[in-house]
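The two complexes that follow have subunit A in common; it is paired with subunit B in the first and with subunit C in the second.
Take a look at the complex of A and B:
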């Protein structure tokens, strides 16, 4: 959050409570302040699709507020009638008549003069895993499969550490180039990809998934994504061709260790 | 019966084939063409082809890069097999156009012979076939002039019609509907049928309840209102039946194979369905025309019978469609084992419950819109008062049914997950999840409109002015919940924006996008709407009981504690494991339900002998409030269309999930934009029909036609 933007905007809204403002001024102030917070107050900035959604909700809510009371509505209506009719408002009326098209034009110009970029993607990177998979000819039941080394964490911590260390090695030999030094999906290759490599530090990625899901995704990579919801765009190789089964489980241990996250527990059959 | 069994037999053969090979579009032909079992080498040939790169350029029926297998089988004969083997090996150019075929030196002659022979044995089992094929392909070419896409449809249809063995009694698996295609045709008609059916089944439910209230309280206006609601029934019933007939007709003509399969599963259940429709008609007309003609108890019984029949009808129809989503009681190959299990499949009860509640919400909203429509056209104060009240009651019914609906939806979603995790993921995590974002926005619109209507409704109550100052805060609460509720987890972002965010999820918005936040938001939203209603109800009342002050405090405490409890559980959800998190939603829901029930009880006792400080001036309602009612009806309809598509669409390329594949040209999942357009068009058609029904319903209230001279005289006399 950019406090230099947010605090003044919030203060302005609080100050508004102590001023006797005309309802239209009040609505405009709210609209502008919230818009400024949404557009400039957020770090990192929100995608424009979300800003659009929020501003649409904001606009309709403010209009509902205006019309939810007949008295308030007629207050606004009377003012508008006077604004359009009375002579003393003529200069403002003319200013508005020039400013509004100008604003719309500027917006259109800015939208059109942007550099060419790939269109926004609404792809959900949440493929459904199959019930079972084959790993080098061996059948693995993904619903029941769990990390064979996970239990060592409590039973034999030293052995567990060797597995994590092995996973670390696998990560820095293979994964780091895309997923990055800090696992934030910003490795040196990441710049070339759209969608970006997964950010494991994000609590809503691997923290939401079971280890067997990660195993499937790592082993089968982009080519192994299901037929449903195609076309997928994942550049991840099918690691089963390069990394052994144990090493995949090792690197999964390392992913959770490094990010401090916990895998989603296996559902118990009811 | 013979041909029916033959069809069944053919289907299963076709099914076995599909589980082995993955030649989707092949199945359509296979089902018709393969009178005998597959040749022994067929499976080898398919395995070989899959192992090689053939299928990248060659498809069974459609020309992709290279010619379709069908075309090859049409151009050459079996005598050419050695020549073709050599050609595949060496590659070629010029026979089928200017796209070269890559040489395949690595494939052995034996393998190639197997593959090429398979093409002939599948696509040209007899010489007669060749002639038939050629003719029909020519016909298709002529068709394809019209439009590229539908030309293709026509071509496929034409060729499938020209398949070897077009004997009497054998039918194609699919026929094409002109211009919009079979899927969209069935989609629109099915959705319209469903909307009308929902309306026709819902109105008697609440008409009966309102009539009963009238009977118990002795207030005539309730009886009149119930009668007014049933006025809409008879025309809607005819529309429902006509659309149902149209749907059946379209399905039988366009999807004969699917229909014969479903018939083989459900067989005799069609009979009670048809009979119940008769019963429904009898009870409905007796209920409507018999208004005031029977003793109230007999009439109420008629209404009850009407409702029971209606519920049976919807339960039977639900069993057919839920079977397509989550088939049960059949073997892996689709053969019927147990008919009752097929009916009582995994999603049957969840859909039954979800539909019942949603129907009431939908029917109430349409009835409310009818009230709004009549209100705005009313000329006298009495009429205005009457229809204002009708709109209010319709809306009250709709919103009351809307409140438990998310929980029924939750149960349905849970059962879908339990049936197939894959289907569940497709539903909530895959491409369909975007439709849930639209759903969230529409539900937000519903809640906003419902609250708005209540706030405006305070203007018709003398004494409610003192509650006006709360509107601001209620609106604030609704808005915040709406924003959280509508925030997607994976955002639509350009790669630049994603880079700035550090991935597909925004660090702050990501927090709002997950289950814990949504559950909390919707619970607070429900609670806020309830508070709006409570304030509305208290508008012209002042509690006289001695403990009024304490009662108010108790209610306030219940609301405050519940809100805190719901929010604390929501926040806790971020710190616990997924399986615990999912369970947290239950206490949240129970707390909200508990709060609403306990506050209602306190309120009823507190205001039992309340002083009435002002009257409710029915009809003194701003016009714009009526648009809120109409918006609610449209939003409900739209939601229903959208979610209906999701329910049907998550089967993806299956007719019957996991059992019978969709082999038609429409087997793909349409883009979200296209689906939304079809739903929107359906909603428009529905409201056109509804406008006709409203008009028809208003005819009975019109004055009788008289010749002009007479009417002048009569006005003269009146003056």
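Take a look at the complex of A and C:
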């Protein structure tokens, strides 16, 4: 959210509460403020189709507000009658009559002369994992599976450290090229792949996932993704072809260690 | 004190001279001030060590020997801190860098190498790291050898005269022996170059300043000229280029790149040609077509991974006529490999086979074999079982393209089809023109107003790339801009006319109502 836009817009609406405004001015102020928030106040920007949808809802709500009260209606009606009928409003009327088609025409002109852009494809970043998977012929239940070395963290810290160190080696010989030295998804080849590699320092990636989910994503890679996650463009290799089961669990330990994040806990079976 | 720099006699002489001067200065002041190299406090070095072992040792090694776990997967190889040889410095050729130099390199990283930028390190972190890195080479603690920056002036305004003069100097100073006539890194001696550790090293492609290891500003280039890149064949020109000639040389090199950024594209725009395309014109045919540059990175996903691809970008242009579509691909390659052969098929060589086959340079253009159903596409690396890809493969030894169908990296087989091709190599750049009928009923059609998915693979024969070992791109697209498009005036006019009509209606209705009300007499109004 861009607070520099949103706060003034909200303040303007609050200020409006204390002013005696003509109903049409009031409606226009609401319409403009909400539009400005939707169009310029959102980071990242919303698609124009969504903005259009919200604006349509907004317009109908404002119209409903206007028509739900006879006093408001007559206030608006009287003004419109005067605007169209009285001589002193004639210059404004004719200026508006010229400006509106001009603006609409310019808008259409700009839209039509826009350069074509490659179609963007949306994708689901964290799709639902399957219930179970096979790893080199061995069935793994992804709902129950947990990192076999995780318990060493408390039981045998020395052994745990050797697993983390092994994971570190795996990371810097296999993953670093895309996911980067600092795990921010900016390795030396990252810029050439689309979608971009995951940024593990981002708290919404591995911090929100269970270790078994990571195991599935690492073992099956891009080709193992469901359709909604565009498996045809992901450069994530199916690591089961290159590294052992133990090494995948090791590298998972290292990912959490290096980023200081914690895996999401396994849901307790009721 | 002495460090080797056998790149040129000039710089060796410089070191001798510098040594002599320092020895003399040291003798004079050495007794009066015990100015030991600033190695920080024990606590600072310990803090640096902790950071180093967490973020740096995986490549540079725990002992600073440049042999960390990841070291063998990067070219250029990680810096060997024990050597005391550093590329990017503000000090004279062969000298140690200053603390600020080391901090700057860590903070900025070295573009297009395994050394990332570390903008998140605080000044404190950087200082501690530098103190620790300096413990790897005893010269840093040597009080008689304090690194001193040379004078680096601010860049003056750049002029056309300066660039023209620089071009002349570029030839006179034999820059083109390594960097090539047009600066594409294709000089004659390029393929033979080695660094101080006998690793092959490539001359910089000066037409891509975003890849310059020491930064891309004119000041950065000036610094490289004055200090050289120690450990590499790039010498210092401090003594061989007169002061008045330095900025002209910088300006010429700077002018070789199109901009600060590569400006990577996401699609190729193909315009309609009313006259039939004659691909025998080669590159010249595409003079007016809009270029689109795509990044090429190592294929590190499937078997026979390539961690240091020889090519880092490919430029594409496209045009079409009533019958055919043509695509021009160009890319920089330091040395054309015009002997041997190549193939997109990964050939598993028998264990113990120590022969070194010669691989020629090659490129492949990849499109889906059929119009993809729905939004899906074939897998970007040579397709998959369900969705196949067509490969237009050009082994640049041969004058004819070879066609392949890919159903996955392990399942690439020769195919039938009619694709024509022209190719050539000049001044460090390959160009290939492919042409095919837009519709032949059997392959992916190139229809007006549609996006055809396209991806590329490049093999650098000099880099022994073949099969899976190659440079690749993601999926992009070729868009055939319709041959007849209406002017944007038309929709604009329609919109405006519609608005005027509605307005006229509204005004008419409102005016009628206003007049109708006016006719009602005040007496009647009062009744209401």
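We adopt the following convention: the second predicted complex is superposed on the first by the 148 of 270 C-alpha atoms of A that agree within 3 Å, B and C clash if a C-alpha of one lies under 4 Å from a C-alpha of the other, contacts with A are read in each partner's own complex, and residues count from 1 in each chain.
Everything that follows uses one rule, which is that a contact is a pair of C-beta atoms (placed from the backbone, for glycine too) under 8 Å apart; a residue touches a chain by one contact, two chains touch by 3 or more.
In this text the structure is predicted, and so the values were computed from the model without any measurement.
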| item | value |
| --- | --- |
| First, second, both or neither for A:177, with subunit B first and subunit C second | second |
| Subunit B versus subunit C as contact partner of A:241, first or second or both or neither | second |
| Which superposed partner A:104 touches (first subunit B, second subunit C, both, neither) | second |
| Which superposed partner A:143 touches (first subunit B, second subunit C, both, neither) | first |
| Partner chain(s) touched by A:167 [first = subunit B, second = subunit C, both, neither] | neither |
| Partner chain(s) touched by A:41 [first = subunit B, second = subunit C, both, neither] | neither |
| Partner chain in contact with A:194 - subunit B first, subunit C second, else both or neither | both |
| Which superposed partner A:53 touches (first subunit B, second subunit C, both, neither) | first |
| First, second, both or neither for A:224, with subunit B first and subunit C second | neither |
| Intersection of the subunit A residues that touch subunit B with those that touch subunit C | 117-119, 121, 186, 194 |
| Of subunit A, residues touching subunit B in the complex | 1, 42, 44-50, 53-54, 57-58, 60-61, 64-65, 67-70, 117-131, 143, 184-186, 194-196, 198-199, 201-205, 208, 226, 228-229, 262, 264-265, 267 |
| Complex contact set, residues of subunit A against subunit C | 80-81, 84-85, 93, 97, 100-102, 104-113, 115-119, 121, 168-169, 171-173, 176-178, 180-182, 186-189, 191-194, 221-223, 227, 230-233, 235-237, 241, 258 |
| For the subunit C and subunit A complex, residues of the former touching the latter | 54-55, 58-59, 68-70, 73-74, 112-114, 116, 118, 120, 264, 266-267, 269, 295-298, 300-303, 307, 375-380, 384, 387, 451, 472-477, 479, 481, 486, 488-500, 503, 507, 510-511, 513-515, 517-518 |
| For the subunit B and subunit A complex, residues of the former touching the latter | 421-422, 424-426, 429-431, 433-434, 441, 444, 448, 452, 455-456, 459, 468, 471-472, 475, 478-479, 482-483, 486-510, 513-514, 574, 577-579, 622, 624, 652, 669 |
